[in-house]
Each structure stands twice: as C-alpha cells, then as structure tokens.
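Presented below are the structures under discussion, each in the form of structure tokens.
Okay, so subunit A shows up in both of these, paired with subunit B first and subunit C after.
The block that comes next holds the complex of A and B.
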C-alpha cells in the first residue's frame, strides 16, 4: 500500500532544486531529441517535399517501405552496411585485443606506441579520408607504387575507383582509424584484471598463447562484448569517409544507409522516403544490439 | 644451477620483449605513416608527390602550399568558424549537462526515475535519424545557414548527462551533507563543492565534446550552404574539390585542418586517452 506522504520542508526544497537543475536539459532534450524521434517515426509514413511547405505533407501508409524493397540504392546500401560491419567489427576488435595484450605486458615504449595507435581516432574522418584517397590513388599512389615495385604485384588494385576494391579500401581505412579507441578501452579493462591468476598460470608453465586464450579472453568477455556492441552500432552509422572518398560509388558499390538518407533528403528532397530509410537503419541497429545482448547473457559469466 | 636457469629465463624474456617491441612498434608506425606522408607531401612540389621510392623527407622543399592555404584560400575563415562553433557548443554543453547530471545523480524528486529512463532510451536511436526533423525545425525557424543550427542541438548531449551523473554519484554524500544542513543552497553546493571535486570527469566531457564538435561533418554538411560559415571539415572538402589534382596542396590543407587537435593531443595525450577509455569503461 502506498501512502501519499507529505514532503518535509527540506525534501520540498530538494525537489524544487531537482526540477530547476534539470529544466534546461529537459526542454532541450524534448525539443531536439524526443520530439524528433517521434517525428521521424511519423515522417516515414508520409510523402513530403519541403519545398512545397507543410501543405505538401501527405500520409501514404506503408508505401515508402514497399518502395524500399525494390530500391537498388537502399538495398545496395544495406548489403554494403552488412559487409562492412561483418568485416570491420571482427578486424577492429581482434587487432585491438592483440595490441592491448602486447601493450599490457610484453613491450617497451608502451606510452608512445599507445599514443601512435590512438592518433587516427581523434583525427577528423574528413581529413584522414582525404589523405587515404591520395595514398591509395591507383596510378602511382604511394601504396600502389610500393605494391608494384617492392612486392612485384603486376596489377595492383584500383582501390576507390574500382567497384570491387572500393569497399575494401573503406574498411581498411576505418579499421585503421578506430583500432586505437577499442585498444585503449580493452587495455584499461585488462589492467584491472586480477594479477594472481596470471602469476599462477606462469608458475604452472602456461605459454603466453595459452594464457591469452585460456585466461585473458574469458576474463575479458564482458568488456569484449561491450566493445563489439559499440563497434557494431557505430559501424552501421558510417557516413563521413564514404561521402568524402567515393560518394557511394563507383555505382552503388560503397553506398551505405546514412548516405542513402542524406541523398534522398537533401539531394532529392524526399523527406518522407528518407525518414523511412532512417527507420530501417534504426531497426537494423536495434536487431543487432538485441542479438548481441542476448549472446552476452548466454556467453559471459 | 637454479640461478643459471633463472638467468636463462630472464634472458629469454628480455629477447621476447625486444622482438615484440619491434613487431608492435612496426605496426604502430603503420598507424602514423599516413600522417607522416601527409606532412611531408605538403612540403613537396606537385611533380614529386607520386615519386618512387616514397620519400618522407622532401627532395626539394616547397613552402608555397602553406602560403596558398593561409593567404589565398578560405581556411582562416574555416578556422574561426570551427573555433566559434566548438567553443559555444562545448561551453554550453558543460553547463547544461552537468546541471542535469546533478539533478539525476544527487537530488530526489518525483518523476526522476521515469525521466531518467526516458533519457536512457533515447541513446538507442542513432543521431542521424534526428537529422531530418532538425532540418525541418531549423528551416521553419529560418536558422539553417547559421552556426546556431550546429551549436543548439549539441548542447543537449544525453551521453554527457549520463557520464557526469556517474561522476557525481561517486562523490560521497557525506561531503555535501554538512553544507546542506547549514542551509547552503543547491546552487552553492553544486558550484563550490561538487564541480571542483569532479574535475577529471569535467575534463572527460570537455575533451569528448571538443573532439566531437571539431570533427563533426554531417551537421555542417546538411545545415550550412553559405561558404563563409563553413567549418574546417566541410571547408576541407570544398578546398579539396577546388584543388582537384593538386595533391601537395590538398595535403597542406589536410595538415592545417588536423594540426590543432593533434597538437592538443600530443601535449595532453594522457588525459585524452584516459578520458576516452573511461567513457568506454563506464558506458
């Protein structure tokens, strides 16, 4: 039974302060986050060209979603997003984990090495994408001239101008950009692991590789899951590097969902349709984070 | 006998460590190679850019690229715009998020649980989904093509609120109880007791907010069409389109756009790395 209690003078003062402190944030969050989320959901079921003003708004039910299924741009985007995530996440997390393991124990110059690997992450994607674009320039760019002259590759990849290699180039660049971030998260968690377990493993004569697979990975499982989830969610939001380097091309070979949203909303002014693509993006992220959460509940202790 | 074994073991360990350092150090060099190449190319003549073997120290030094970037392009303006937007976005975000975090972390009021759950649940939605409604708002309010369109939404970072709430909750309540009973107002407690104790947390929010705001690309891309308002990210894109195949010049532009954050990072790397790591660990 809940009894309506009378608040004391002090509690009342605290409550008033609570609302006052929260108010600016609450107003802003409502206007800029909560209402937009609801608006986005509703817009997905409409057709609207903002050039015609609010009068041009028309409710069309499920039509946008029916069109999405046959839309080559969105279908390619979804496919590219999946290929990207399924390669980017395992690559990034495994490199980060190996790097963190070495930095935790087995190398000298920890701090400069950690700093060097983290540097790409704080750099703007626009700037580093510009650099990579020139590095991977197919005709006599530095990477390809090393490939031909040092490794004698007769026909080096055409990278961002080839529909076969462009997405691979984007994946490489993104892994390079983000590894340092996941490395420092894993490293921070690794440094918090109990040292006794490692000591007793060393006494028992376990090799570093055994220690890594039998001790480090199981003990790190929850922070690994955290990183995998974070990396997966972020990987579906990829936009900057794609828009700078290839603008989704050649053809639709590197287009991604956020870019499709951007294209439909701000190039073709189909706001309703773009909102429907945004809903698809949200659903994809939601499904993957739910799966990962369920997997974590099963696999970690 | 035992000593010799021990010595052997130690020598082996040392050798292992040296080998590991060489391998991992080589890998780390690959992480900085693009930066070094960018920097050296920015000092080259266009004709030397695609030379082989790849030289990291230019054969002939060329300083004209930087003269072009600073004197003949709009980069100085992009700089000022980025500084302005980042300053107001971060300062405002710090005020608003710490206040909300104080309410959520240290005060009791009716509806707190509901509101907090509401905040948490918005974290599920990717930021790009909000782009279209924001665009509609801002065009109705006629503030597209102003810096306000970039600053305003970034003041209300839910992530910042959650982060600072964690920080505030770790400060023992005994610290503030005495002041409270003596009748100090919550504003005083917040300003004089809580904030000074939360300095490392504030640093985290500041650095994350700064990096995010400085590097933001999609918002200026969508909301700004007037070139005079461009920030560094969209500015660099425009610069690169204009320079077309003048790669040495493009690399000078890229270097200029990266330098402030990289210098800040080199001098405060410990705080940077701790900030990003702690946000991840707590997240």
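The block that comes next holds the complex of A and C.
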C-alpha cells in the first residue's frame, strides 16, 4: 500500500516535470496558433469592420455563409481553385515521376540536370512570376513569337490578358516552378528501392514499362501519396502568383479563395465575411486531405 | 532532492517566460502613464507621427519643429505602390501611433464613413477656417454629409501632355487649349500614323478605375434620378467605345497590353513611346526627377478636350487628397496644428515638389513658376493647373457606394476592352452587379 502511493507520487512528479517542460512551447502555440484559429472560426459568424474597433463587432449567425452562395467572387474562386488543383496536382506529380525515373537511370550529367530541375523551386515566386509575365506577353512576347513564326499560329492566346487562358498560364507556371521539389523527393525514394526485385523482373523478361508500372510505382506508393497530399494542400493555398500576375482578373477568371479572403479582409475590410470564406477554404482542404488519407490507407503497401 | 530542484527551476523558468509578456506590458503602460504628466512638466515635445508616400522637402518639417518646441513631427516615408492605402489602413486600425495620414483621390469617403478618422469640425470652427473660401472646389473632398474628416492638401488635375519634338517632326500643330474629343482623336490618329514605323503610339490612356471616363465626366451621370446605376448613359457608352476604337486601331497602347506589360504612364511617355499622354498633374513631379526619368525633349500640356460642342471649355478632370487624424490618435490637438501649418503655409513646398497645393489664398503669381521649375513645362502651361476659370469635373464616383461601383466597373469593363465581351453584355453586368450592391 505504502509502496504503491510512493510510486504514484513519483509518477505524478514526473508528469508535472513533463508538463513544465512542455509549458513554454504550449504557451507559444496557444497564443500564436490556437487562439487565432478559434478567433477566426468565431469571426466567421460575425460582421466586423475593424475600423470601428470592437464596437463594430456584430453576431450575425449563418448570414455570411448564406451570402457566400450567391457571391460571384467566391463561387468563381472555388471553381478556379478546383480547376487549378485538379490540373496542377496530376501534372506536377506525373512530370516529377517521369523526370525522377530518367534522372535515376538514363541520363548523363545527372548532377547538373538534377540541379536544373530544382532551380525554379529555390527562386522566389515573385521573380519567377515576373519572368513568366514577360515570356507570355501577348504582343511579341517570346512564346507568342515562336507560336506565330515557327508554328504559324494565326491567333496565339493572349495568356494573362484573356479569361480563357489566364488560369492555364498560371497552372503552367506553377507546375514548372514546383516540379523540381517533388522530383527530388521521388528520386530519393527511387534510389532507395531494393535492386533484387528489378533483377528478378529482368530475369523474368519484364519490359521497362512493365517494370515501371508494376514495380516502381507500387513500391513508391507511400511517398507518392505524401507528394500528392502535399501538392493538393499547397495547391489550395495558391495566392502569390495570382496576386502578382493577374490580381484575379480578367473579370474573375483567376480569382482564387485565398485571394478572395485577402480582398474582403484588406480591401473591403469585411473581416467577418473574409473569415467565413476562410472557413470554406478550411473545409475544402479538410475534405480533400481526408479523402486522400482514406485512399492512402487502402492503397499503400 | 535534485529532481525537486530541477522541477522548481523549470517552473521558475516557465513562469518567467510566461510572465515576460505581461510584465513587460505593465512596465510599458506604467512608463507611459508616468510620462504624460512628466511631459507637461518638463515640456518634453509630443511626437506626431506622419506617414506619407510623397513628402515634398524635409525642410518644412524641420521649420515646424523649430517653431513649435512642444511638438516633434516624425516623418515616415512609405513606398508609393498599390498597397500604400492598405498599409495606412492597417496602421490606423491597429491602434498604431500614427497621428497624421494622407488619403488619396476618392479613396477617402469609405474611410470617413467607417469612422476611421476623427471629425475635424470642432477644430475648423475654433480656428475660424472658411473651408469654401480656403479650398473652393477642393473642399468637398474632405467631407461626408456635411462633416469634415479631412483637410485637402494635394490635388490632381488632368491634362493632355504632348511631346513637342514629335509634333514638330510630324509637322502636326500642337493641341489647342480649346479642342473637342473629335479633334483629340484626329490628332492622336495623325501622330500614330507618323510614328507607326518606330512603334510610337499617338496617345496614352491608363487602366486606372474609371480612367476612360475623364472626358465623358463632363456630361455623364453615374446614377439615375432614383439612385440606380446609370452606366448606360450615352456619355459613358461613347467614352467606352472611344477607348476601344483607339485600342483597336493601335492609336494608343491597348488596354490588355498595358495590363500584361504592367506599363506605367511616366516611364512610357517620358521614355518617348507616345506623342501624347493623358496624365495627372503629378507627371510634373516625375518630369523633375531627371535621374529616374532621363528624357530629352520638350513637353507641353493642353486642357482635356471638351466632350462635345455643348460643353463650355476649358475643361479638366480633378481629385484631391486629404490629411486626416486617425480616430485613435492620442495627440489630436498637436496633429491638427501640424495639418493646419502644412496646408496653410507649405503650398510653395508642395508646388515645388511638382504637386498641386489646394490652399487657394496661397495661389500667388509665382506659384505656377515654382510648380514648373525643373520640368520642361513653361510657366504659361503650368498656369493651366492654377486657373480658376477651368470647368472641373471628376471621373471618380464620390457618392456613397462609389468605391464598390468603381471596382465592379473595372472588373467588368476590362473584359470589354480585351474583346471578350460585347459592350451590351458588359453594361448589363455592371448594371446588375452595381444595383445588387446598392440594394444591400
């Protein structure tokens, strides 16, 4: 009896010590992460113009969410976000995978080429966006000059000035920028794959394509899923390139959710409404990452 | 034992960390609370923080500080980019220490409405300032529903600037001071014809919200009698069609190209890419900056063309920026004294920096000379910005809801200029969206 109590006391003390060690970082997390998250959740149900101070805060219930449904800016933002993610993620991951395969095997000057694929990722998105604006300049830009003079396209796309092409331009730019990053992750994984499996496949007479689809991809499924999840979440957070290149235009053709949040919060000062849009963005990301997680549990080895 | 000491140490460390914020805070408030009476006793100067992106000359601030030992004005220069207003808004809302802030050309009214700025009527009444007599046509830019929240201090007035060297080379007569929109189009067309082999456009009109409306504003009305959107006013329709026509004929840089190339008026016109340019009086400021814009030709300026024969000339488009005091400033009295000094006594400094001062009693005979000095404009041309016989209208929508109206119009109209929507579709969309926004 006595012995038992002593033990719990020690355990208690150890537990206390544990919490004491946790305390500093816990305080930081609470102040800088948990409180802001709770605050912005609550703000989504209010109408608040911060210019009037706290007196301007008014609880409006579901009003903001009702307004979102008829809001052209948010609805087009959601549509653009989905188009963007559904093209950006498959393109980036498949190109990265193909690149990684070639870099792993078939290429001379591996190191310089690996560096070149990674280069866009380490350059700042702001400068990359500016360079792409010049490349895709509608009148006599390099890309359009090649299209008209080499391929004899009579009416080349106007890229960032046209509502049909602006989002495509942004997708192209983002894929080019991020492919190197995912390529490096996949390449690292590919280099660690056991060689015996490939050897026995070669003995059995498997073609390179069979090897790729039947051996490489299944063996890499967990890191592929990691890349897909990461790319999906990042793709929903797209903002920088849009804000620099098109500011959401022409019309609403490139408006995305984060940009709508920024617009409502810092151009119109509708903080409550912006928070409501942020909640929508959170829900979208939450749904997609849950689906991906469930798929991962089923599909990986 | 050892473990207990460790635990106590950890607790103490954590407590110190956690307490850090609050204890520093209370120390801070204590210090400032102690400071206030101490300042009065020892005459420590009150610090007034003034933020702006266009500061004429540090000298006028030094003069003010020397003449007013109880106030110390500290100037904070912010970059003059598109985010400048957001930066100032956040400073004003976050209860920062900003005491004097500028708000430019039509952006002030939503801010007056929101209660971001302190009303100034009390100060104006106490100091016996006759706003109408002092600021004339600029006075309306500082008020909302009869209450003043800002004092106009810097104005923009448009003109058509022309490159005299190009007109001489082309043998086309300079724009006259009394010309119509038709004559403007003809002149632009001739200059574009002359310059087309060198890639020189006839004229330039920027992509700012409502910039296409500067001339049409002489006749157009933004709202119908019953307060609805009036974007289908024939004047606006003609203005939109004119821009589109000039774009399509390559007489001026097309709208989409300006957006794609992020072109700006000053480096484009001063870089010799156009024979004429529609620009505000601030182009004079840029022409004085020879380091940034090294150009080598003579420049003249004409009034804006008249919309049609029924409009009396000469005409121009104008707007004004104001100085205001954020509602949460701690030193409103001192801030007001600085604003009063700035507006009433620094007109020459403002003019010398290439901006238009708004305080009419300071409009002396030399002010146009001071304004043009250092730029290629002759004082006679400069006088056009100070003449009181000009018929001034504005392309900005300064009525309630104007900011949203202009934003919607910009978003929809750019699709018409880029050739993606017809004029009818565009006007229908603007009308629908503006009326929806007004109904809210």
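In the analysis below, the second predicted complex is superposed on the first by the 277 of 301 C-alpha atoms of A that agree within 3 Å, B and C clash if a C-alpha of one lies under 4 Å from a C-alpha of the other, contacts with A are read in each partner's own complex, and residues count from 1 in each chain.
Everything that follows uses one rule, which is that a contact is a pair of C-beta atoms (placed from the backbone, for glycine too) under 8 Å apart; a residue touches a chain by one contact, two chains touch by 3 or more.
None of the values given here were measured: they were computed from a predicted structure.
**Student:** For A:269, select first, second, both or neither according to whether it touches subunit B, subunit C, the two together, or no partner.
**Tutor:** Only subunit C is touched by A:269; subunit B is not.
**Student:** Could you say whether A:115 touches subunit B, subunit C, both of them, or neither, answering first, second, both or neither?
**Tutor:** first
**Student:** Based on the superposed arrangement, let me know which partner A:138 touches: subunit B (first), subunit C (second), both, or neither?
**Tutor:** So A:138 only meets subunit C here.
**Student:** Check whether A:49 is in contact with subunit B, with subunit C, with both or with neither, and answer first, second, both or neither.
**Tutor:** A:49 sits against subunit C, while subunit B stays out of touch.
**Student:** Identify the partner contact of A:24: answer first if only subunit B is touched, second if only subunit C is, both if each is, neither if none is.
**Tutor:** both
**Student:** In the superposed arrangement, does A:250 touch subunit B (first), subunit C (second), both or neither?
**Tutor:** Second partner only.
**Student:** Under the stated touch criterion, which partner chain does A:213 make contact with: subunit B (first), subunit C (second), both, or neither?
**Tutor:** So A:213 meets neither subunit B nor subunit C here.
**Student:** Which of the two, subunit B or subunit C, is in touch with more residues of subunit A?
**Tutor:** Touching more residues of subunit A than the other partner does is B.
**Student:** Give one of first, second, both or neither to describe whether A:86 is in contact with subunit B, with subunit C, with both, or with none.
**Tutor:** neither
**Student:** For A:160, select first, second, both or neither according to whether it touches subunit B, subunit C, the two together, or no partner.
**Tutor:** Only subunit C is touched by A:160; subunit B is not.
**Student:** Starting from the residues of subunit A touching subunit B, keep only those that also touch subunit C in the other complex, and list them.
**Tutor:** Shared contact residues on subunit A (touching subunit B in one complex, subunit C in the other): 13, 17, 21, 24, 50, 137, 139, 266.
**Student:** Which residues, counting only subunit A, touch subunit B once they are in their complex?
**Tutor:** Going by the criterion above, the answer is residues 11, 13-15, 17-19, 21-22, 24-26, 28-29, 31-37, 39-40, 43, 50, 99, 102-103, 106-109, 111-128, 130-132, 134-135, 137, 139-142, 145-146, 149, 176, 179-181, 184-185, 187-189, 223, 226-227, 230, 233, 236-237, 239-240, 243-244, 258, 261-262, 265-266, 271, 274-275, 278-279, 281-282, 285-286, 289.
**Student:** Which residues of subunit C touch subunit A in their complex?
**Tutor:** These residues of subunit C touch subunit A: 3-4, 6-7, 10-11, 13-14, 17-18, 86, 89-90, 92-93, 111, 114-116, 256-257, 259-262, 328, 404, 411-412, 414-415, 418, 420, 433.
**Student:** Which subunit A residues qualify as touching subunit C in the complex?
**Tutor:** Spelled out, the residues of subunit A in touch with subunit C are 13, 16-17, 20-21, 23-24, 27, 49-53, 56, 72, 133, 136-139, 158-164, 249-252, 266-269.
**Student:** How about subunit B: which of its residues touch subunit A in the complex?
**Tutor:** Where subunit B meets subunit A, its residues are 16-18, 20-21, 24-25, 27-32, 34-35, 37-38, 41, 49-50, 52-54, 95-97, 99-100, 102-104, 107-110, 112, 115, 118-119, 122, 124-137, 139, 152-153, 155-156, 158, 161, 185-187, 190, 211, 214-215, 217-218, 221-222, 232-234, 236-237, 240, 247, 250-251, 253-254, 257-258, 261-262, 265-266, 269, 272-273, 276-278, 280-281, 283.
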